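Below you'll find a set of structures to go through.
Two complexes, one shared chain (chain A), two partners (chain B, chain C).
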Partner chain A sequence: MQKKILSRKSLGIPYMIFLALFVMAPLFVLIYYAFTNGQGEITIQNLTGFFSDPNTLGTLCYSFGIAAVTTAVCLLLAYPVAYVLATSHLKEKSVILLLFIMPMWINFSLRITALKELLTWLEGNLAYHPFLNTVIGMTYDFLPFMILPIYTTISKLDGALLEAARDLGAGELQAFLKVTLPLSLPGIISGVSMVFLPAMTNYVVLDMLYNSTYIMGSLIGSYFASYNWHGGSMIALILLGIVCLFTLLTRGDEEETARGGVLL
Partner chain B sequence: MTKKIWRSMVIVLVLLFLYLPILILSVYSFTDAANIGAIRGFSFHNYVTLFTTPELVKMILGTVVLALGSAFLASILGTMGAIGAFYSKKGMASAIHTMNQVPVVNADVVTGFSICILLVVVLGVSKDTFIPLVAGHVTLCAPFVFLSVIPKLKQMDSSIYEAALDLGATPGTALVKIVIPQIFPGIVSGFALAVTLSLDDYFVATYTKPATFDTISTYVVNATKGAQTTIKTALWALSTVIFLLVVLFTIVMNIRAGKNVQERNGAGQ
Partner chain C sequence: MRGLRKNVIIRLLSGIVFSLLLTFLQPWAADLIKEPPALPGEVSAADRREEKEVTLRVCNWEEYIDLGDWDEEETIDLDSGDVIGENSMLEDFEKWYYDTYGIRVHVEYSTFGTNEDLYNMITLGDTYDLVCPSEYMIMKLLTEDRLMPLTEEFFDSSDKNNYYINGVSPYIRSVFENNEIDGKPWSDYAAGYMWGITGIVYNPELVSEEAASSWKILSDPAYHRQITIKDNVRDSYFAAIGAIKSELLTDEQFVHAPDYQKRLEEEMNDTSKETISRVQDYLQDVKDNAYSFESDSGKADMVTGKVAANYQWSGDGVYTMDQADEDGFTLEFAVPRESTNIYFDGWVLMKDGIREDPAKQHAAEAFINFNSRADNVIRNMYYIGYTSVISGGDDRRIFEYANWCYGAEDGDKDVTDYDLGYFFAEDGDETKDYVITAPSDQVYRQLFAQYPSEEAIARSALMVCFDEEQNQAINQMWINVRCCNIHDIPAWVWMIAAVLIMSSVILVWKNYSIHRSGMR
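Right, the complex of A and B next:
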């Protein structure tokens, strides 16, 4: 008996080693590089440098701004869609839902190219409205990630609760505000976490739209291009810190995770 | 009635936002126009360029091979990890779960950059060996395979495995004949997810790929900055082809899913 349990357990060992090698070890190396300089001396200069340089601080604030606005726009667009879809009795509901998921299977760089061509035709030079175009681009890219979790939560809602609210005299709006909206909060939270973090770091969207990058992720890119591993590691570590903080804040007990829940 | 109109308006407008750029681009891919908005004649030349330029063909095939290869590796590792974690003691299992969660929540930029630092800068592995690239993509994908297999293990009827052992099967045979078939749907959807993640990846690839190799994402991002019109419009053709493939794939999957439901209903009667 002891032996066969051992054999099933030991199946996990290669994956454990893999995770240790390619997930944990890179993080430790990252920490080491972030707190050393080119001569291998331990230093906190990378950290203080980040927080005393107006450029990097400005980038941090700007990416927060972009991420916040993108998330808000996504939520404003996604909630009505998810709500309408989840509460409709249409037979073709699953097909329509599929239409919202399908763009995610098309390579994002090709989709952004399409958007860029269209926006260029409409606006002329994209560089005139950098903030607006960034938000449009990111919303275009991330919207499905907001729709799906909200849809899932609303469609799982217990209809009896709404009926009860109605029986007890709530109007339609009141029932929505007091029952549906609070109960769909877990979906909103998981949608927000799936849009906010990528929006802070995904610098390719900006890069593609008007050849300019000014968000957190792009700092790593520029350090990478100049072989400054120490500076880049510090930015990566700061981003990691933001990710951890955000994950702790939005943590739910649900099993469904970010990108995984979306496809399945 | 007005309520109904409002409701469909919401859906239609957002769908339009999502699809209009791709649809317009698809239409223009069949012309010889260099920009959207110009009215030009019908032409297949973008498609000819797409399938006859060696650079483009190599890039597309490379992306597909990379996606299938790393998804395959990720499926094996992720499945083994899930089975191992499922049967491990609580402390061990939660250690695996926590580590598994890191690439899932982490920004892809950070994942790619940290793997590059470890393998390329610290250990001195050459990017030309493709080891950093494949390692990066497997790291990106395996956690999602793990996450799609775990629920299937939880739903599994464990008494069948015990019965197989009682009837004389070795643990290995029981695993292959009993456990794997029961969790197979999870492995398949994990594999599919891994393929799409690898196909869509830009960040891990930029930090770990050999200089002479390009995936669709890295190629397109560089091409949008360049001024080469023939390549740019050939990529419109690529978008159209991928779009059609996705539509086709979705329809086939839907029909098959419909059939499955029918069969199950039939079996129930």
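Right, the complex of A and C next:
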């Protein structure tokens, strides 16, 4: 018995080493830089500086805005598709699903380059609509991450619940609103977190689609380019904090909805 | 059970510690195994021990050296012989070094994307022996005492293998000797590699030469959303100063003043508070007027016709115009009349890499020399499009190459003489030996970008390495330009956001209370 536990646990050692070297160690370096200044003294000035500079706060809002709009657009596009796909009786469902996932197999910068040409053809001059283009680019990039979890949750729904709702006199719409939608919330939430968080920092899309306003990712880059590792690390740390907060919040929600689902 | 867990943790920890040790001690252990470095006089002794190998860690710009593998038809047929890149320059160097000095050398080649990247890499622990940053970064590294001086042997012009000192252009040599930092001339520490100036690549059908010859084009509403500008603070700063001081810089009195060169450099490196705030205002206008700030896409966008003009380094300008030629349309290059930023990328030896190892230092300097040999210079220039600091000395092949690229064909009628004496002519030479008879449009095109006219060089200014305080002010300015200021977010956005947040809170709360009532 003892031996078994030991051997099973030791299977995790390679990953622990990986974790320690590439996740924990850099994190400590990050924390060290975030709370020191150029002279190596411990300071919280980087933190207060972030929250007192209208530019960094504005960038945070701008990133938030881009991420929120992208997430909303993704959700509006993805949900109907996932719903129709999951509830249909098509035989080739998996093929259609594959079509949605396939773009992910093509290199990301290649896809955005193609999109750039397409948008230029449509709009003429990309420089007039930087925000719109960014949202389009990010939606294009992240849509599969929204479709997949929603599809999975809906296709796992217990059909008996829907039948019960109908038996008790609910119409199509009512059944959808009261049964399907609440029960697919976990899928929506995991989709949202998979789109929202990367959309806040993915500055490559902005760069490639000629949006000259910084988002969080590019702001960190600019701090490092001006040798200000301390300020850059602090922003990275704050971003990490936001991600953690977001994850905690949605996880709490997930449990809540799961319980709620059972109660329904 | 407790004891067992402890055991596992100990095993785990020791595993981590051991692997950490392995990672960090590897280079040190490798040093131990290697033999001690030979002294300079002992090069011949090392000769006998063939197994000894010098490792040379080189870090260069991306795509900044010939990697060989040319097609047969790409052969450059000059009067003095053909030039073709069969193997990569690095392989050729290793072979040449062994044939010449009898020592095996292994080049570990890495690349960097920007000077700042390189600085961060070497500051955060990467070690290189030989790196190739731009002049301002060389100055920064020099003031931080991180560079090894070049040896006297490197400057010994009697050694025919010293291709650098025997081949470097007299013009470049004087720049490197006359510019000092901390009282030391650059040439003590740095050997030039490529150089160039900044300017505007433009489509002559959409933009006039007159308009493209001023930095003010960047904010010109006539070209709204049609011009890209470099996405880096130094280049943008220089252009902005050129634009806001345009009147002064083009004033006859200023231009003909006896201390013009000195005053020009002072003006272009002005970091007074007032100037920085004017630059910020100007760049904000540029941001609203330009197509975008770009770090890499400018060349392609010019060729695909997305933009009408773009701010470019001359070497990239040559590449862009070449590409456009292949696609069957014409682009031209203009150097703004206010001033142009002249830049040099140079090889420097890193103190913490060489660590006073004479074998390494010798190999590093030989690497510079090998890349300064006329045929290799041509290969690199052909491959990357930039202009080498080497003019060739007695070897005329580099001038022949320029002539091969841009000289007029026999049938051409509309030709102009283009004098490159300032770059190629040694003391004893007649400058008329270095005149290229080129098709007239080349005066505005590749030839001009590859070897700017003496007149354009006359209004060039170096951009110095700013100190920490100046850098901070300029970078803050840049962030002010590039970031969305929270005070600029319009009220309606706040209102929409407030409504959305409120409604989602209400929604969640309502759902929650339904569940709670369901529970009851």
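What to note about this one:
In this section, the second predicted complex is superposed on the first by the 238 of 264 C-alpha atoms of A that agree within 3 Å, B and C clash if a C-alpha of one lies under 4 Å from a C-alpha of the other, contacts with A are read in each partner's own complex, and residues count from 1 in each chain.
Rule of thumb we're sticking to: a contact is a pair of C-beta atoms (placed from the backbone, for glycine too) under 8 Å apart; a residue touches a chain by one contact, two chains touch by 3 or more.
Keep in mind the model is a prediction, meaning the values are calculated, not measured.
In the superposition on chain A, A:L115 contacts chain B only, with no contact to chain C. By the touch criterion defined above, A:M16 lies against chain B and chain C together after alignment on the C-alpha atoms of chain A. Once the two complexes are overlaid on the shared chain, A:M208 sits against chain B and chain C alike. Comparing chain B with chain C, the partner in contact with more residues of chain A is B.
Of the two partner chains placed by the overlay, only chain B lies in contact with A:L98; chain C stays clear of it. In the superposed model, A:N37 lies in contact with neither chain B nor chain C. Residue contacts after overlaying the shared chain place A:S52 against neither chain B nor chain C. Of the two partner chains, chain C is the only one touched by A:Y128; chain B is not. Of the two partner chains, chain B and chain C are each touched by A:F224.
In the superposed model, A:C61 lies in contact with chain C only, and not with chain B. On chain A, the surface touched by chain B in one complex and the surface touched by chain C in the other have residues 5, 9-10, 13, 16, 20, 120, 207-208, 211, 224, 229, 259-260, 263-264 in common. On chain A, the positions that touch chain C within their shared complex are 2, 5-6, 9-10, 13, 16-17, 20-21, 54-59, 61-62, 65, 120, 125-128, 130, 182, 207-208, 210-214, 218-219, 222, 224-229, 256, 259-260, 263-264. Contacts from chain A toward chain B in the complex involve residues 3-5, 7-16, 18-20, 22-27, 29-30, 33, 77, 80-81, 84-85, 88, 95-96, 98-100, 102-111, 113-118, 120-121, 140, 143-144, 197-198, 200-204, 207-208, 211, 217, 220-221, 224, 229, 232-233, 236, 239-240, 243, 247, 255, 257-260, 263-264. Residues 4, 7-8, 11-12, 15-16, 19-20, 23, 114, 116-117, 119-120, 225-226, 231-233, 287, 290-295, 297, 306, 471-472, 475, 478-480, 482-489, 493, 497, 511-512, 515, 518-519 of chain C touch chain A in their complex. Chain B contributes residues 7, 10-11, 14-15, 17-22, 24-25, 28, 35-37, 77-78, 80-81, 83-85, 87-88, 92, 95-96, 99-111, 113-118, 121-122, 135-136, 138-139, 142, 144, 146-148, 151, 165, 171-172, 175, 189, 192-193, 196-197, 199-200, 202-203, 206-207, 216-217, 220-221, 224-225, 235-236, 238-239, 242-243, 246-247, 249-250, 254 to its touches with chain A in the complex.
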